[in-house]
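First the structure, which I've put down as structure tokens, then a few questions once you've had a look.
Think of it as A, B, C and D in the order they're written, each chain with its own count starting at 1.
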Amino acid sequence: MSEVMLFIIVLIPVLWSILIPMLPFKKRGHMMIFIEAIVLINSILVWLLLWNRPEGTFTLLRFTGHLSVTFRLDGMACVFAGLVSVLWPLATLYSFEYMKHEDHEKVFFMFYTMTYGVTLGIAMSGNILTMYFFYELLTLVTTPLVLHTLTREAILASRTYLYYSLGGAAFAFIGMIFVVVYGNSIDFIYGGVLHAGSYPGGDQVLLLIYVLAFMGFGVKAAICPFNSWLPKAGVAPTPVTALLHAVAVVKSGAFAIIRLTYYSFGVDFLRGTWAQYVVMGITMFTIIYGCSMAVKERHLKRRLAYSTISNLSYILFGVTIMTPLGLVGALAHLTAHAIMKICSFFCAGAVIYKTGRNYIYELDGFGRRMPKIFGIFTISAFALMGVPGLAGFISKYYLASAAVESGNALAYFGVGAILISAILTAIYMQTIVVRAFFPQAGFDYHTIDDVRDPNWMMVLPLTLFCIGMLAYGVYSKPLIDLFTKIAYGAF
Amino acid sequence: MRETIIALLPILLPVFMGTILLFLKRLKERKVILFYTGTGLLLTGVLAWNVILNAKDQQVTLFWLTEQIPVMLKPDVLGKVFLMVVTVVWICTGFFSFSYMKHEKNERRYYGFFLITFGILMGLGQSGNLVTMYAFFEFMTLAAFPLVIHNQSREAVMAGLKYLIYSFFGAYMALFGLFFLCRYADTITFTPGGTLNAELIADHGQMLLIIAGLMILGFSVKAGMFPLHAWLPAAHPVAPAPASAALSGIIVKGGVFAILRVIFYLFGADFLRGTWVQTVFLVLSLLTVFMGSMLAFGEDILKKRLAYSTVSQLSYILFGIALLEPTAVCGSLLHLMGHALIKSTLFLCAGAVICRSGFTRVSELRGIGKRMPVTIWCFTIASLGLIGIPPTSGFISKWYLATGALDSGIAVFQYAGPVILIISALLTAGYLLPVTLKGFFPGELQQEAGHDTWKKCEGDRLMLIPLVILTALSVLLGMFPNSMLNYIDGMLSGIM
Amino acid sequence: MWNGIIGNFGEAVAVALFVIGFANLLLQKNLIKKIIGLNFMDTGTYLFLAEKGYIQGRIAPIIVDGVQDTSLYINPIPSGLVLTGIVVSVSVTALMLSLTIRLYQRYHTLNMDEISTILKKEEN
Amino acid sequence: MEMLRNFPCFSLILSMGAAIVSSGLSGKLARRLNTVLLMIITLLSAGTLYLTFTTDTFYVYKMGRFSAPWGNEIRFGNLEAFMALFFCIVMLLSIWGGKKHLKKEISDFKENLYYVLLNLLLSSLLALIYTNDLFTAYVFVEINTIAACGLIMIRENGHTLEAATRYMLMSLIGSGLLLFGLCILYDITGHLLMSNIKEQVSILTETGEYQLPLTVAILFIGVGLAVKSALFPFHAWLPDAYGYSTVSSAAILSSLVSKGYIFLLIKVFYRVIGFEVIRQSEFINVLFIFGLTGMIFGSLSAIQENDIRRMIAFSSVAQIGYIYMGFGLGTEIGMVASVYHILSHAATKSMLFIAAVGLTDVSGQSKKFIDLTGAGYRNVAAGLTFTVGSLSMVGVPLFSGFISKILFAQACVGHAYKMLPTLICLAISTILNAIYFMKTVVRIYTPVKSEYASLPWKKDIGYGVVCILFIVMNVLLGMNSEPIVELIRSGIQMFG
């Protein structure tokens, strides 16, 4: 397929979605069909592209000098784009049901669909400048989604979100400048474009810059101490929280860091330097921190948000191991966590949607009343805990074994951190499950008679995710092979 | 193919049946449920024996979890031993619960999970490599959870969570080792004598010892070894009696079983012998033996007392393993079987007592022997077994343990071990026999009490038969241990 | 040092004037005094320029009875500059004064700080 | 072709003539005249640009009879022409954007005076851009100051008067210093034409005499112009001046007047002193420091501000800090970045002022944030424009601000010890910008039930058009920056 397609699939959702508020839909159904059509068509296009991958690069426009906006579909891009394109249609389907009672949903869906394009843009961007560009854009198109409910809380949250993201971008910018000025090229090249001594001012500075840039992109990946925006952003409607703040946005942060580490600075240069230890330390701390906060938190969505924080740092930990195997682990968790977390979030969303209950202590006995939802939730909980046979175990296994392979002393502690966080995960997920299925003796089920399973629009995506988790857990070989190829730069 | 089917059937059947049972909302008819469960148990038992008798000791790879890790079954001797114990105890407790659970609420769930757990235990026994075992271990924890918190009282749920968290904690500690083993061992398939790769571990000895220590500690959580034993006395009493019987009969044995696997089939006895890990392991186990029996001695609530006794008894087994010495290990295995039978008997008796007379404290049990003689007789015999009076199984196993300790020639422990064992045996006598004595010889003041307290309240057939069978088996094991000894002999020589 | 100053005292005086004016312009509160300071400053500068232009023993560059020889006259450019400068300063001063008058009419004070405090009050 | 060489001179004379003429005209006519004048001059500058760009040389145009070194001359290359063109466009747009307010806020009999002042301002700006004679520059600086002061105070209220006074005082200090610096320079070089001075200066630097006076001169001129262009510590007058004067004035002042001085400073650097000399002198570091502090403190005080116009004013303090920081880097590319930022800031700041007034119009003329809530819906064009402007200020790609940011960063990374401070300050000030601009954007897009009537798009087409033009200009600068940067580079080459 021709390279132009790379740009087109980014463009389609952005342009079509602008139509959404303009078109006068007679029935809500029409709008649903329209939107789902956009998303599905686009996803299909993406899959076609992945099927026969255009090798070349598509250059959209040039800024000063050799700075240009280019699109390219290399292995990493394939993974991220594939992930997003699979999740989006399902999430859209879900959100139709969820948003039924929310007002001005047209605007919501406009930005929701726009985000699809922008995320694809991040995935497909062929050089660091383009990625930075879409990265900023992502912040802008997602802010209205956080703002959507327009409560005071939401406004504050969206502000925090903006400050953090733009601020992070500002620091990422520094790193970008160095790649631009001192790199052999600004394109993403496996193994990096910078190397020891490529900055005349000394490598220490370069490492410092790397750490700064890591922090910068890390803001979106919610590394500690820049994570407070994520739980706050939970005020957004659940589809947003689930798809954007568990997958698209935060994963873009992780993705950007992978690009930065493996494709711009180059791991051979970073491995074994203090910079590596610093960033690895940060990720390890965040892993523990996120879990502990999750255990402490009593608000369902916020608890999941904290869990996201820690799980993202799993990915980053994999990245900071800075070996191909580490990257494999990171990618494995990137994909696995996407499915698991979106699944658990959608369950939470279903609960909120059907019953309006937000806090965990309100969930007594729900397991009996919404068996489908909580069955799936339980499975996702097990997956997050890393029970073998489910997705979580695979990714954790690869992360940990990569850490061991690397022979890096700090990485061993990382394994420890992962396991500790696993036990904490067990705590904060199981307490919910137990509460739902085994309320205390003499619990009166009539108090929650109103609680019912939602309709197919919500259950279908969840079921598919559930199957996905199982399949991933049982037969992950093809994916892992792909990741391995990518991680060794063969794809 | 044949092997696969043989190995898989006992796992899948009960899991399948249990799941079905869970989803049969309509099914209210108690008799049907019982019949269904009963058939399930028996069929599984048959299939399990089929494995024990016919399965050859060879790997059955089901599928590849990842590149390096297959999920595989490998019914070897140790596994089969485990299967035997599980089958016997599980079926008996199952049938016992038929009458015990009569008055409990939602039985259906109970039986469903009971069956599922059965199947998972079958898997655990047959699992052929670390990951498979880990997986079944986790499943076992999860599946047994509903049994623990069956009457969802507050403390039950709390205890249940405690149990869950502790078990996961242990499991994850064990998992920690997995990653390192994948790197430093040739394979993680269980092979007698260990699989560590000599040149890989050349300069990582210390690290691997740490790992080994962690794994042992992790699995010993299930086996209720100090310092991570706290869940056990919390979880046992709150569970319904059959469940606690199953717990302390089998589930905790899962931990022991896993430790056996880790030590003899992954790291290898030689790697650990004489290292600080062994020392720590020995110290902890002995400490637990002593502590457990002391606590039991001081405890008044019958089931809690039995739970503490479980703690101490299990550490006998662990001590035997820790000695890394054939005789001792043989003793441990015997004790594993014996204790499984005995402890489940005791718990079932306690259950019968509670269910019939409603007494939960030892101090209330004056004259209980008059009222439910069979039960208390079984209790007495079992107690004797646990104390280690010939000809019960306890005697043989402890004998082997002691001799093993003496042969081992590890500086302090070769003497300290036996001494502590004997002390704790005395303590055992101290905390078990009073029940019998009070039961049969209430002494004076009981005479004056009203006649109604003298009413017979013996359990029905469904209760008594399993009790008797278990007791008989424990005695038989004590009288004719040779067949069993021969059976495990080859294995022992294999792993040392 | 001293010779330097004595030697071209004109410049010295000019600088002195400039500094005085500058200080006034900066430090005085009163607007009128500020303006006076401003004029001091300009004057200082013009004096400086004039000094630069002046050459001992020559006459102003005004052609009388047709003598064209430039060697008789001083350098005319600085004088031209001074003239321009004076024009500028006059206009500026005028503007400043008009502003001052307006402010005074409004606030009945010439003190900048007072004025701004009054403004603050007006706002809230 | 030959004809084109006269255009700069023409545009100067035209603007002055227009000023004189329009003093006699009615307000309406004066406005028309001014518009026409601006358009003509735009065309003329375009022609000039065409000339210099095609021939790729600079031209010297002799004013009056005398030739150098006595006479007075104009000198123009790519940069001068482009600046003139750009300034005219921005001015035109600003006036159009604020037309409505001009009518409201200025008494009719003064309206023509306003345009007199505008034309004067324009002429002085052009003079500053084109002239090659320092003293002429000084004179026009003064004219510029007076005109600007008039533009501030023509809307008569306490604030503007006070602001105008402060402004006058500050710029008088500035021009005093400037003049004195000129005198010293004249004293030691004996010339007033830039080119000739430069020759002398280079000789002096070779021989090494008069170093002290030279440095003093540089210092006086530099500080003088810095004070006039409201570099950080000297910005006290700025917020009131921009905050309370009529919007066109604010836009023009913030985007053009200060830029005129800065442009003069650049000329002084390159054409009077010589960039090498500057680079050696410590003076440049002073500018650097002030620039950085300005970047940070400007934004900080903007954050505390509760009045949208004053907030924007403070933000321009920060932006001027950027420009001086660029000078401070003392590299060719740094200078390019600064010049580019002059352009982008001029475009963006005027845009923001125009947008802000559009927002305040639909919020009952209140500039407090609380009243602006939801203004973005009430006046779509203004809201959109403001958003674009803010994004450009924050440095989001696609908009001009991003390019200047990237240029600054590229410029500084070459530098040994100025790099990290610059980068960090860039990042921090970006965050601060994000904080106060995004806060405002979120605010204006937070719908509320507001009592203020909303202004539909059609009601005020002209305003909408201006907004669109501004956006287009900004995006052009942002997306198609390469030729412009090239132009600037070549222009700076022609300076030397």
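Definition applied: a contact is a pair of C-beta atoms (placed from the backbone, for glycine too) under 8 Å apart; a residue touches a chain by one contact, two chains touch by 3 or more.
Quantities reported herein were computed from a predicted structural model and do not represent experimental measurements.
Considering the contact criterion stated above, the chains in touch with chain A and with chain C alike are D. Among the chains, the centre nearest to the mean of all shown protein C-alpha atoms is found for A.
Comparing the centres of all chains, each the average of its CA atoms, the largest separation from chain C belongs to B. Annotation: 85 Å between the Cα-based centres of chain B and chain D. Centre-to-centre, using mean CA coordinates, chain C is 28 Å away from chain D.
A straight line joining the Cα centres of chain A and chain B is 43 Å long.
Chain B and chain C have Cα centroids separated by 105 Å. Counting partner chains per residue, chain A shows two or more touched chains at no residue at all.
Multi-chain contact residues of chain D, defined as those touching 2 or more other chains: none present. Within chain C, not a single residue touches two or more of the remaining chains.
Under the stated contact rule, the graph of chain-to-chain touches is a line, running from one end chain to the other without closing.
Screening every pair of chains for touch gives A-B, A-D, C-D.
Within the complex, the chain D residues that touch chain C are 70, 135, 138-139, 142, 145-146, 149-150, 153, 156, 158-159, 161-162, 164-166, 168-169, 172-173, 176, 179-180, 183, 186-187, 192.
Of all residues in chain A, only 382, 385-389, 393-394, 397-398, 400-401, 403-405, 412, 415-416, 419-420, 422-423, 426-427, 430-431, 434, 438-441, 443, 473-477, 480 touch chain B in the complex they form. Residues 391, 394-398, 403, 405-407, 409-410, 413-414, 416, 419-420, 423, 426-428, 430-431, 434-435, 438-439, 442, 445-447, 479, 481-482, 485 of chain D are the ones touching chain A in the complex.
Of all residues in chain A, only 61-65, 67, 129, 132-133, 136-137, 140, 143-144, 147, 150, 155, 158-159, 162-163, 166-167, 169-171, 173-174, 177-178, 180-182, 201, 205, 208-209, 212 touch chain D in the complex they form. Contact residues of chain C toward chain D in the complex are 18, 21-22, 25-26, 31, 34, 38, 41-42, 44-45, 48-49, 52, 77-78, 81, 84-85, 88, 91-92, 95-96, 99-100, 102-103, 106-107, 112, 115-116, 118-119, 122.
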